[in-house]
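Order of writing sets the labels: A, B, C and D. Residues in every chain begin at 1.
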Amino acid sequence: MSLFLLSFILIMGGGLMPLLCYRHFSLMKKLTIGVLSCGCLTGFTGAVLKLFYPVKDMFSVNYLHFFTISIKIDALSAFFMIPILGVSFVAVLYSFDYLHDSKNRLKIGVSYFFLSILILSMVFVVMAGNMITFMMAWELMSISSFLLVMYDYEDKTTQKAGFLYFVFTHIGAFFILAAFGVIYTYTGSFNFEISNNLSLTIKIIIFGLALIGFGSKAGIFPFHIWLPYAHPAAPSHISAILSGVMIKTGIYGIIRIYSLIGMTTPGLGTVVLLFGVISGILGVVYALGQHDLKKLLAYHSVENIGIIFIGIGVGMIGVEYSNTTMAAIGFAGGLLHVVNHAIFKSLLFMGAGVVLHQTGIRSIEQLGGLLKPLPITGTCFLIGSLAISGIPPLNGFISEFLIYYSGFSGIRLNEIPFILSIVTVLSLAIIGGLALACFTKVVGIVFLGESRKMPKININETGTCFKISMICLSCCCFIIGVFPEIFIRLTFQAVSAIGIPVQIVHLATCSTMARNITWMSFIFATLFAGVFALRFFLYKGKDIRISSTWGCGFTRPSARIQYTGSSFASSILQFFNPVAPLKSNYTVSKNLFPKTWMYHSEQMDSGEIFIMSSIVRPILLLFDKQRWIQHGDIHLYIGYILLTIIVLLFFV
Amino acid sequence: MTQIADIILSLVLLSVLFCLSSSRMMILVKWIAFQGIAISMIQLFFHQQTGFANIAFAIIMSGIRGILIPIFIYIAVKKMGIKREIEPIIGYHASLFAGLLMMVFAAFIGKKFNLHSIGSNPLLLPTAITTLMAGMFLAMTRRKAITMVIGYIMMENGIYLVGISLTKHTHFMIEFGILLDVLVGVMLMGIILNNINRTFDDIDTTLLRSLKD
Amino acid sequence: MESFLLFLIAVFTAPFFSGIILKTKAFFAGKQGPSVFIPYYTLIKLFGKGSVYSKSTTYIFKLSPMMSLTIGLLILLFFPFAGHPSVMSFNGDILVIVYFLALGRFFTILAALDTASPFEGMGAAREAYFSIIAEATLFMILLLFYLINKDLNLSSFFIQEKSIYLWKVAGASLVFIIVSLFMLLLAENSRVPVDDPATHLELTMIHEVMILDHSGPDLALIELGASLKLLFYASFIARLVFPFDCGHILFNSFFFFMTVSIVYIVIGITESITARFKMPNIPIFIMMSFALAFFATVFNWEFIL
Amino acid sequence: MVESLFVFPFLSGIFSVLFSEYHRKMVLMITSLIHLLLTLMLWINHPQAVFDSYFKLSPEGLLVLLITSFLFLLIAFYTIHYFKAYGVQDKRLFTCFMLIFLSSMSMAALADHVMILWIAIEATTLASAPLIIDQRSKKSLEATLKYIIICSIGIALALLGSLFIIISMETGGVDVNVTFSGLTGSNIKLDPKWLKAGFIFILVGYGTKMGLAPMHTWLPDAHSESPSPVSALLSGILLNCAYLGIFKTNQILYAAGLDKFSSHILIVFGLISMLVASIFILRQSDYKRLLAYSSIENMGIIAFGTGIGGLAVFGAILHLIHHSLIKSALFLSSGNIVLAYHSKQIDKTGNLVQFLPKTFVSFFSGFAGLSGFPPFGMFISEFCIIMGAFQKGYYISTCIFIFLLAMLIAGLSRHFIQVAFASTDQTISFNEKYAMVIPQYIMLLISIILCFWIPDILHQTILSAVSSIGGGF
């Protein structure tokens, strides 16, 4: 507990510091980043220790004479704290080079202040022990992240993003509040305590409200539509935090509520699983259609949240049909994917940030061949993309492996779980394939090949902090991927904290599998070394010539004849056209020798279309129809009063 | 004595109907004056004992309601050079009919709350309600801003009718309150109207529609 | 020990089997055709050469051939040849294998995009597209196997009498599985009718166009890796076609490799009697294999549960 | 002692006419300062009023009084600098009427007699009209006329309501002073029918003043056309006084055991007000009207909470306090914006964050507070109201409440983001003196502090206030 306290003080101090000394720019940055990162590391260690020795920490103070601010740290909270503080640490480090412009130093100082508020509030969200603490931390998180999103406020798109984010986060908060209200009605206390005496319908109502509320923060389809606007708008280290960890608080909330209202509610798992499948597949499909690098990554957050939901949903189904293997391993997979996604998504956002920072171009179609000028960034981005595509020996694979395993173990059950497990496995397979396609596209188009339309400025690898932070994250990807055993064990601590009965059997199975995966990656490494040696031997003393790519007979290739991202993705998007309409406009030239061509395509988001057309517009229309009320004529106003009196007199 | 009260009350009702149906500003003002005098006189016939205080009070009241305020309005009308017509939004016959409807509603209300328990005239409450609503109706359905003031005065008359039906409690304070209400209200409206008249050189409220959404 | 021996045999005979295909095709074309060992000659020839690299390539381009060979070797390590326990196996290894295959594909595609050649990009796009459906099919088949013997372990499907057990339980529907596996093999290893390695028109290729710029030993590594991968799929089918256990390892291996070569011959026959589909039909082809597998699974589920 | 709270400002208001401009400012400041001191003394030792059948210290009255005199001090401070930068005709009368306004509002806060309360609230109308009209523009004239006529009619109805309550005493055969404290006393048998009628008329009457839809119609006009300090006075203080009338009447109904009736009516009115406000907030072109409508919304929220009872009443009172603080801060900031951009149109403004950074801080944090974000107090009050509503089992109305709240916030956020960040081609030459932002900062700071720590005496006062209509935990 003392460790946490120290870290909170440090983070708070690190937040206040820039406001005091923003005039001395570099000093301010050094101090702030130093203190902030120290705070994050302290809390990180505290969380890890807590996870190794899970004893429940409790702390509560009286608040406004009636409420209490109470904090409970169990293994689940600690587990969620790890990615929050770890990623924040790296992101803060990264920001040293990213926020370099000393002209708007006040702005940067303020953004550091709100960053610290954001980190603190996220930590408090996962530590909150009762409703009011939770809501307070939640709302603080929302407002601070909103202000961080508005960093580049001059930009029209940023303003739109901020607006959308504000509205969605607030409506989500209201749904959560409603869920809490229903709980409070039936338990009569603000504390998070397990209440099994609720009737079934009430449980389902609570969970439904919570699912919408937390889902809109986590960004599940169709409540995700703020996400692809808000995350790209923010500066990259902020988007790393938002997309890496902040949306995970939604997951945390859902798991909390699930453990609160008693596990044995039927049907919850199915709903969660289906939500997960839909947002997983659609998220990656929409990502495939994007041109903006950061927006693409944002859509991948939707996809990965979908995968996490699939894991949790399978776990819930396991609980529902009392198949402990399925339950434990499913939850473990989902939770582990929370950490993994935090790592590689923030890594990818940082890579994208470096690209943006060096070239100033967001559009994938204009980039290309960046691996030569930016070798380290490119390699780290490659590792991140391998990890997010769930490819061994990297961390993304481990969690997907666990989810697969629990999905497969559901096959043995009767009708409904059988079909659901088939859905799980197949959707995971399809998501994996699509993610692979999408990230081969990103890496191949952005970092490989020739640059399509580049500014004349020479691009080179600058910024040690960029390199350090990205390399550190890539190492995490490898470590978790190659030595998963210990991490899986820690995850099981969190799973048992939820209340899932984790038996020694599951631990044994998982750790044997994990050890085998470790072995396998070693064998892979040795084989690769062998092949490498073979190749080295074969090429000894051979003449290696460098020439231009063979144009298949075409002799004067230019950079513009390369395959573009849209053309790479087009055939797959064709397949998904019904759910992912593509809006494209282009010029058709009449004459034989066309001078200039233009083709522009935009990936429509069917969730956005749905919400806009069938919820927002009708409400606005209905409300606009009533504007005659304030007609401006005083006679009418007097009439209102008279009418009110007459109507009310009938009720006496 | 109550017969006289009944007669006066019915006269008030009559005046209400005439106000609703009259098409000339001057006539309207005259009717209001009449009504004022009537309702300030009426209290004499409620309380069995008619002390000096009551009489004095009645005289003062009728002075203010029956003479002072009408004259004030009269001056305002002259000063603003209003054409004599009232320009109703709802026509005179319709207004008259509405007045009759209001009487029915008032009777319904009067049935609902009876004042017999405190020995009050059964005709009083319906009359009061009618006067009140007619006043609001007048303010609602006449274009000229000055007619709003007249309607407001009529409302106050209605409220006064209810007020004087109470004997024991805080009688004079209520009288005072209502008086203050009428006087200051009318004054203020007069001032504002005067300003408006100076700025818009007309007080047709149809001009006052710029503030809306 | 024996299993490792078998592994080595498999590795070294893989090109030979590819030779069988050529021979069969030649036979059907009414030609005498090259010798069965022609793949070895090609490999040796390529090993001897130097290479030319495009100036727009990076280290990824050099990485991908090694990757494909490594993956080829790795997956063969897990296969129980001739029903004999494999070199390595553990619960859930099949998932790892599938995803290692994905790793190989990842790098092949990247290498193709690395050359900045429009044709190779085209091939890469097709590869990425078709492999999605192929992966789904593979998982469908795995679901069936898991349904039959509660285990996510490759050798547990094929070790001694297990494969007979498969037949016992699944029965006729296993025929569907074999067919769909065969279609999957054609798709994943870029054979006719999905892809034609021998055509001269780059526009119509999938796999071959992606390795256009590779030359010399790199190309050799890729070819070797491809043949290993092909062998993996072929032996998969072979084990299902000939599940019997003849007591001694020698007979087992003999019959096994006979079956494998038969599978190759069938591939050759298919290649020579069918023409390549046009691109839009290929997804339908793979979907069909998926449909077969799905049908088989649901079918069995009715019986088993 | 008690009476001095409204007598003293009245007299100083009258005499301020005689002073020169500079001294008038001094009078204004000193009077409001002394008023605050007197209020604090009232809080510390509850003295008896001299006319104790007319005036009495009630907890809710003390709350409103404290808000009134505290905010008035800050607003007065702002007003001086505002007019220094703005310039307006006959400040002479302006100061005078401001002080009379103060006195009438304190009178309303202290009144215990039904008629006295009514007279006080009537007086607030009369005192505030000259403040609104002050610019003599056509629009301000129109706004004033509407304000005067609609409010007078409403107040007249309130008078009728008060009379009905007295009649209910007559018919119920009760003989006590016609004071709220007397009528809420035990073993009082009021005639329920007349009491209900009286409540209806009082609700409509004072509701007109408080800005409950559909009697709210004067409010947007008056708030948008009056100079910003006056809008702050109206929205931050005056509405509370009107609410006080309804609250006290509700006490009588609660004592008579008719609280079900009143609470349903209050809930309905609250929801209607929120609905109307949201209709006009979603599309709005004038930011002062926007703030006015949000006042209507918040009054609706308060009425809703008062109707719900229980925990929600506590929330409603908290909401009253925080709304006064935040809304006044917002109106004062909007005053700065008007001075800088010379326009009340939203699309004429923009990019506040660069042109007026100091104002931006108060404006935007006021917005955050208005939409219920911590660390501003409306978070906790809305939390209480929603929780209380759920606890009482008003599911449907709470769902509507939440929906309307979401609508309102959606509308507000769009316009506020526009004003704060949207790029504009105007060039602003306006030096914001600290004097013109410090009042806002203080108000917001108080709201933040009250979100985390409520002093014991304040908490006790709120509790005793809400317990009189069955509120509390």
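Heads up, the rule we're going with is that a contact is a pair of C-beta atoms (placed from the backbone, for glycine too) under 8 Å apart; a residue touches a chain by one contact, two chains touch by 3 or more.
Note that the structure is predicted; figures quoted are calculated from it, not measured.
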Chain pair that, of all pairs, has the most C-beta pairs in contact: A-C
Furthest chain, CA centroid comparison against subunit B: C
Separation of mean Cα positions, subunit C and subunit B [Å, integer]: 101
Subunit C and subunit D: spacing of chain centres that average the CA atoms, whole Å: 79
Gap in Å, rounded to a whole number, between the CA centres of subunit D and subunit B: 31
Euclidean distance of C-alpha centroids - subunit A vs subunit C, Å: 36
Touching two or more other chains - residues of subunit A: 627, 630, 634, 638, 641, 649, 652
Numbers and ranges of subunit B residues touching at least 2 other chains: 112, 136, 139, 148, 208, 210-211, 213
Subunit D, residues touching no fewer than two other chains: 145-146, 149, 153, 193, 197, 220, 280
Category of the chain touch graph - line, ring, star, complete, other: other
Interchain contacts, given as pairs of chains that touch: A-B, A-C, A-D, B-D
In the complex, subunit A residues that touch subunit C: 368-369, 371-372, 382, 386, 389-392, 397, 401, 404-405, 408, 411-412, 414, 418, 422, 425-426, 429-430, 432-434, 436-437, 439-441, 443-445, 448-450, 509, 512-513, 516-517, 519-520, 523-524, 527-528, 531-532, 534-535, 538-539, 542-552, 557, 559, 561-563, 567-572, 575
Subunit A residues touching subunit B - in the complex, by the definition given at the top: 627, 630-635, 638-639, 641-642, 646, 649, 652
Complex contact set, residues of subunit C against subunit A: 47, 49-58, 60, 65-67, 69-70, 73-74, 77, 88, 90-93, 95-96, 99-100, 102-103, 105-106, 109-110, 112-122, 124-126, 128-129, 131-133, 135-136, 138-140, 142-143, 146-147, 150, 152, 202, 212-213, 216-218, 220-221, 283, 297, 301, 305
Subunit A residues touching subunit D - in the complex, by the definition given at the top: 63-66, 132, 135-136, 139-140, 142-143, 150, 153-154, 156, 159, 162-163, 166-167, 170-171, 174, 177-178, 180-182, 184-185, 188, 190, 619-620, 623-624, 626-627, 629-630, 634, 636-638, 640-641, 643-645, 648-649, 651-652
For the subunit B and subunit A complex, residues of the former touching the latter: 89, 105, 109, 112, 133, 136-137, 139-141, 148, 205-206, 208-213
